[in-house]
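Each structure below is given as structure tokens.
What follows is a pair of complexes built around chain A, which joins chain B in one and chain C in the other.
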Partner chain A sequence: MRADGFSSAYGCDNFVFPFGRGGFRDRGIRSENPSIIARATAGANAVSAICCAIVHGVSADVIGIAATPLDSRLVDELAAIVGRDGIVSRPSELKVYECDGWTVEKNSPDLLVMPRTTEQVSAVLKALWRRGLPFVPRGAGTGLSGGALPVNAPVMICTSKMNHILAIDLANRRVEVESGVVNLHVTNAIKRDGFFYAPDPSSQQACTIGGNIAENSGGPHTLKYGVTTNHVMGLTLVLADGEVVELGGWAEERCGYDLVGAVVGAEGTAGIVTRAVLKIVREPEDHRTLLATFADVEAATRAVSAIIAAGIVPGAIEMMDQLIIRAVEDAFHAGLPADAGAVLIIELDGLVAGLDECAARVTEIARSAGASEVRLARDEAERAGLWKARKRAFGAVGRLAPNYATQDGVVPRTRLPDILRVIGAVSKKYHLAIGNVFHAGDGNIHPIILYDERKPEEVRAAVEAGREILAACVEMGGSLTGEHGIGVEKQGEMPLLFSPEDLIAMTELRRVFDPMERSNPNKVIPRPGSCVEVAAPRRQVPI
Partner chain B sequence: MRAPYAHEERAARIVAEPADAREVAELVRACETDGISLAAMGAARTLGEIRKTPVALGVSLNRMRRVIAYEPADMTVTVEGGVSVDELNRTMEPSGQRLPVDPQRPDLTCIGSLIAASHAGPLRLSEGTSRDLLIGIRYAGRGGKIVHGGGRVVKNVAGYDLMKVLGSSFGTLGIIVEATFKVRPVPEHYAMALARYDDAERTFEAARALNDLPLAHLEVLSPAAAESCGFDGKYVLLAGLSGSRSEVASQYAAAARMAPGARLIEKEDARAAYACLRDFDFLSQSLAARAAVAPAELASAMLAADAEFVAHAGSGVAELFLNRMPADVRATVARWREIARGRRGHLRVIHCDPEVRPSIELFDLPNSGAMGLMRRLKTAFDPAGIFNPGCFVGEI
Partner chain C sequence: MASASSGAPMRKVVDYELLFDCVHCGLCLEACPTYALKRAEMDSPRGRIYLMKALAEGRLPLDSDAARHLDLCLGCRGCETACPSGVHYGRLIEDARAFVEANYRRSLMDRTRRAIVNAIFPYPARLRALLAPLKSIERAGLRPALAAMLPRAMREWIELLPPLSGCADERAAMPPAADPGAPAVVVHHGCVAQVLANSENLASEAVLAAAGYRVVRMANTACCGALDLHSGNRDRALDFARRNVRMLAACGADAIISAASGCSTAIAEYGALLRDDPELAGLAKSVSATVRDLSALLLERGLPTMRKLECTVTFHDACHLVHGLGVREGPRKLLSSIPGVRLIELAESDLCCGSAGNYNLTEPEMARELARRKVDNIIATGADYVVMANPGCEFQIAAELRRRRANIKVIHLARFLAMALAG
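Our next item is the complex of A and B:
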């Protein structure tokens, strides 16, 4: 089957295959008239997109033909709902929202709406629904896969003004929040009482619970405690047509199908989550945080495998390679061994009674794997220093190059040495520096590819390099993404993991919530309809 | 194809035993073409309890019991749907690992049933349920297509979460043929702290205090439940302690402070007591239901229910039962359900006399908005309405 068969079948032409394969797609034109925006991606993803389309009869609306351009009447109607201060329509101000942490692709929305309540979200979506307008939800814009990038979705709905913690119920171990609440604020509100909210992405000082729910976010401590989906008990979801539904609740077990589980990780394509009931966790009695120094990443990954094989489940095991260690040291003087080939931050937590014994075992295992030094953080300040160094690694890298793209592949833990070798080879092949800072305990790599977006050939090389690393992850029995989501970034690679049947079932699932695909269209599942502009260089989004 | 065994008669009229996923897919395709209802049935215990009339074709996965890939160093395991939890754990025992989900009778519970009916036991407090450990799934769905979601790595957000959708769907969306789990190390030591009380209030009070410890499990048993497990007829508090020797000792010391008089049960005795607790046979009672409520409100729910119970304190889940049939079963179920709903929860009848079954809603109904989405999900995944029809929420 040929791609142009698809284009004529669905009345859209103008297929452009910029880099040979889908994913990083045509960004040549941003039409003033949305009704003629219809493009398709090609290659691997086109095959499955076409399968999906043929089976389900994709409508023109679904592939990205917005029904009506925005008019001033709509702006007035939305302003009447959310107030003038809840609307941004000036192009210069909208520029801020042209991308999230995936800075390779950019496209400003035509209008930004910031509702304050579930009722306002519902009213806004009803107004858009009547006009057939798709929308893109956004939290803090720290996502790393382009989940909040408008792709044929003229209206952006930002949850940042819905930022109240509604209930803290320690006896029930639940916190109820609005979706715009910042991740770290949840833990801050309960840590005095000896509790925490476990998912802790590096961007936790900025990212929102709503964004975490969309992406099913992780973080270092999810090795032991689980990712977002393990901690979301209930949701208020506004569907694309404005209907408000309550899913799940306060109880552990679900009543009927696990729709909460389907919405978490749906990358904003099920509608807009406005509230969530979160499960919180008792702080462990104590921690032991170790810094192990190695000559190279191979030895460090050997240590990771040996610790896991010994039946030890640490709270976290994080790895940083030489490039990252140096960047962090240059930027923050965090006290990392600047000449090390790799370091591991290993955190053990639990009962005081078992910790010293466990720390001694881990130290011994790390030494046998080749650690030249294993240092125990002496106090809370030293522990905090190590975590600060880890979490600011991305910021430090920002000093090394004008731009960077963070990948998020996963491999079986035992394949970490292999994937790191591949990353080294890819770095040489494309003449791009790549740093590694990642969640070693669960095989979730984060190669940070440095590039300069002023040089088109470097942008292209960075995208190709990332793609090659992800293909290798899949080849090793892994996945394209451990916690960042598919977004637009990895859509083209989805057929590496999933068959057309799998993608059809996933599309069906999405349409249970959003039959017309108006909520965050053109994400996750590869399909035609992407049209994004490469803009002029801009500042790096802090993450 | 064969006739159902006696214990399968309430579940299915005819039974097929496919050898692999491809054969399951063929069965699904044939049933879809001819509009024949079918359901995976494991040991036919859950299906036999929830069906008001038997499904036309029961699909036994008895011949699909292969462990496809076990990677101890990666701590992942991929198995066919017919493997029992016990068989799986025996495979992993030499490597010191286990799937820490402990349904009643793990020897009879196959992986497909574990996922589809969301069976879980005492360990849910510390280890979660199959929902938390399932990282990949393969099922035969509409059109007889084999669909897979997730993968074989412990952290993965690629694509929509089909594991969650198939989990606790009670066979209404497809037949699970393969699953991948992340597994956990078997704790070095396991012991139990046991305390007896004369009344339920004091037992739950002690449980509330103990819930601050990182326990393996925490149960409160009513007199009849305690007696069945071999602990004499008072309210009993059981706390599972696991970890290294020193961790178990420190937890016991703390437990004894919070529940004065708590006795330590160790080694074989602890394992036997745990097995009794896990395998408590609700299906031989006259009426049994599972309530899930806001965790802190479990105690008041049990006090209000006027029933025997095994309460999983901490997780807010409890099995309620009566060993004598109440005069009005419907009224009893309705009352229990009100109690659960009044505490931000719900209640599912897990066992009742087949005679009264048609007059009772076994599954609690979600709110109308959620129910609407559930109907859409059912239609999308099973447009022909052949997968275990008519017995799940809202008669889906």
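Our next item is the complex of A and C:
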């Protein structure tokens, strides 16, 4: 079914906003063109149409996705903006962009553009806007939910060439970076001065800040320091029509709606973030890193709850189960007890005074929860070894099976034993090995489902197993994702957590930024029908 | 998988099973020098592995694009250090290169360039003969004039050559024999190294002797085969490997080292390379097992008292030393132990300088860009010396420093240590 009345207003490229320019410059939003607020109001006129469209299943191509084929004129025009070396158009070369870290689904873009500046991004998006072409933003392609998979988005915009650190302001504890800067490079640039950038996803040596912003990435240390959204103070966002808006800024407190907060975690559906002002954190005076060994995951999770209940907030509490411990030991020989049922890495940080007492208290709690051994890392090298083992656990699993899918669910901390039991049952049911390595402190689980992409039935089983685990998370009062995002991977599960009205409200919010849904279309919000049937264009490969 | 279902023919590009070690996580991206500069997935390890897979599955033709992206890899193996999945990238790229050489016809210019490199560099006698006239020209002070007259491609090659007068050509007398019961070490003198970096070989022998090792020599040194292996000439590489296995085994040394880390790594991998050789598999394995690193040997026995060298140094990690042999701390420890020496850490110390065997001869543009980046970092340290343990890196970095007229001395670790031990 098609909502023709709606598409006549929104499917047109030369749509004129019914509100005037300007008048919306304040500390929160600076905008040079028709303000996004104007759009919000314009959008409100069509809210009922949108609701109708979603509920009744309007296909994406009606809502602003005009299928203009890519022509050589467009390629020339874009090359004039970004230079020939910023364009990839040959199918054989585009093949490597057909998936990110979520390899279950694959689809090549028709064109890849690598701009170097905000101005170039703006000019590129303007050119696409004129032709009604949707696009998909990509950072380093390390995402695990298929956020950078092109789904009816012929053009991919990659931020890898926007990788400059623009300003370091230690006194105000801020850095400003381009969105293609690698997460770890931010910390590397300020480490000497005793600072670090707190969100530290496992892929931090390669993933970009832009990708972190899209997925609202976390990491082990977010238990104490918070996730990406707690560290992004300001953004430069290029909207789908090429308009450049500044949200937030360098100051700590601001009034009005938290638009930065709306963009962080929007998975690229609000536009392309080109710059970000980030909060940086002083390195704690010292660390105590403990390795606690347990006979099973249940005892380990009991210890986690007991530590938090005792009022202690460690920098990180990470859990690895037996399968992961073995994989990691084979790979890195980090000195983990190979026969343990589970281990916890507990890191306490802060002022030196009191740290040892705290470590003693944690040791005591872990022991009474059933830890057979609690070991303190003796020096920095031992601590680094433990973290290396933890951070590279995902990859180490690659040694056990040709492929894996990393799930990312959240449950209330006290339900960890229950969800782990479910995961064990799912593993048996589908005959797939599943390892567990996760941020136990905040109840963010990461079951790693092993499979072989050469066996279609295993791929299907892996996807099914993941879904079952996520459904259990939601049932226990948890959430579908802690940090990897919904992408395409978990779109189908969104209705488990949200009512149709919720999803409509989210879509309305998204359309404040991107009324035509041209920026990373067909992500996050389930497409009509996609929860019951698999759309052909994106499921080209295994399923 | 598309290819399996569509029934496309499988091609023998690489050991297909090895490709599945890669889980497409992308952690290798920033460790790759070509990705660091090009910022594009095709020129990253993950992208190249994807390409190899697509080639093997018959989903992609071996066209100029595919060959280009495989050619551009330096084989530095920085990705292996970064990889959590244990992908054997070195083996994959070597096999893929052999596939390209066998199945892809390059441009005339490319073929000529490669033919010259292949015909000359692995053979010390040929290289010496070729350099003899240049040596006379240099003696007459006419090398800059000659360089100015040559076309650009050749000029860049000439620029890479170290001052030939500084190359100790002749075989120096053996260092004094140590305690006959001391462990014996053989220094593989290499092919290009024995012509252009003989002082590095001799210095290695001298410092080993000073540490109390018994230095033994090979009767005759042949190229280790790394140059061929890295450029896809697998058969000749295997020939060289077999010859070396026999000659090194005949030395009966307890440890094998090389002043060129690329050679050390190649020898350390003979076991894997010749694993299917009916005659030499076992011997190759045992030869490979005796490969050590100079710094490890010296730290084991300790060096005699060294004189004070008031200077600042920075250390550049040669790719195959750090990513191939996994040696990172040893050289730094040795340098820091010399009285008066202050070690300054080099930013991106383990990012390839662009030398990469004969890469700077076959891919001059990318090699040059990497040299610029490396030298920027070196200059930023403000050190008096940049120390490294590979002659190829020395030539590459020294050439770029000369172009910048920077006053930082390039020196091999063995020569620096020999300097501290002298007098």
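One rule holds for everything that comes next: the second predicted complex is superposed on the first by the 461 of 543 C-alpha atoms of A that agree within 3 Å, B and C clash if a C-alpha of one lies under 4 Å from a C-alpha of the other, contacts with A are read in each partner's own complex, and residues count from 1 in each chain.
Everything below uses one rule, namely that a residue touches a chain if its C-beta (ideal position, glycine included) is under 8 Å from a C-beta of that chain, and two chains touch if they have at least 3 such contacts.
All of these numbers come straight from a predicted model, not from anything done at the bench.
After alignment on the shared chain A, the placement of chain B and chain C results in a side-by-side fit free of clashes.
Applying the stated contact rule after C-alpha superposition, one finds that A:103 touches chain C and leaves chain B untouched.
Touch counts on chain A: comparing chain C and chain B, the chain ahead is B. Legend: residue contacts after superposition of the two complexes on their common chain; A:367 is shown touching neither chain B nor chain C.
Shared-chain residue A:131: touches no atom of chain B or chain C. Of the two partner chains placed by superposition, A:460 touches none, neither chain B nor chain C.
Contacts of A:95 after superposition: chain C is touched, whereas chain B is not reached.
Shared-chain residue A:164: touches no atom of chain B or chain C. Of the two partner chains placed around the shared chain by superposition, chain B is the only one that A:524 touches, whereas chain C remains out of contact.
Remark: least CA distance from chain B to chain C after fitting both complexes onto chain A is 21 Å. Those residues of chain B that touch chain A in the complex are listed here as 71-76, 96-97, 118, 124, 128, 131-132, 141, 145-149, 151-165, 167-169, 184-186, 188, 208, 212, 214, 243-244, 246-247, 249-251, 290, 292-297, 315-317, 344-346, 363-367, 369-374, 376-377, 380-381, 392-394, 396. Residue ranges of chain A in contact with chain B, taken from their complex: 169, 171-174, 215-216, 218, 222, 226-227, 229-230, 243-247, 249-262, 264-266, 282, 284-285, 305, 308-309, 311-313, 350-354, 357-358, 410-414, 439, 442-444, 477-486, 490, 494, 497-499, 501-506, 508-513, 524-525. Only residues 88, 90, 92-93, 95-97, 99-101, 103, 114, 140-142, 158, 160-161, 163, 180, 182, 184-185, 203, 205-207, 331, 392-399, 402-404, 452-454, 540-542 of chain A touch chain C when the two sit together in their complex.
On the side of chain C, the complex with chain A involves touching residues 1-2, 4, 20-31, 39-42, 46-47, 50-51, 54, 59-61, 63, 65-66, 69, 82-87.
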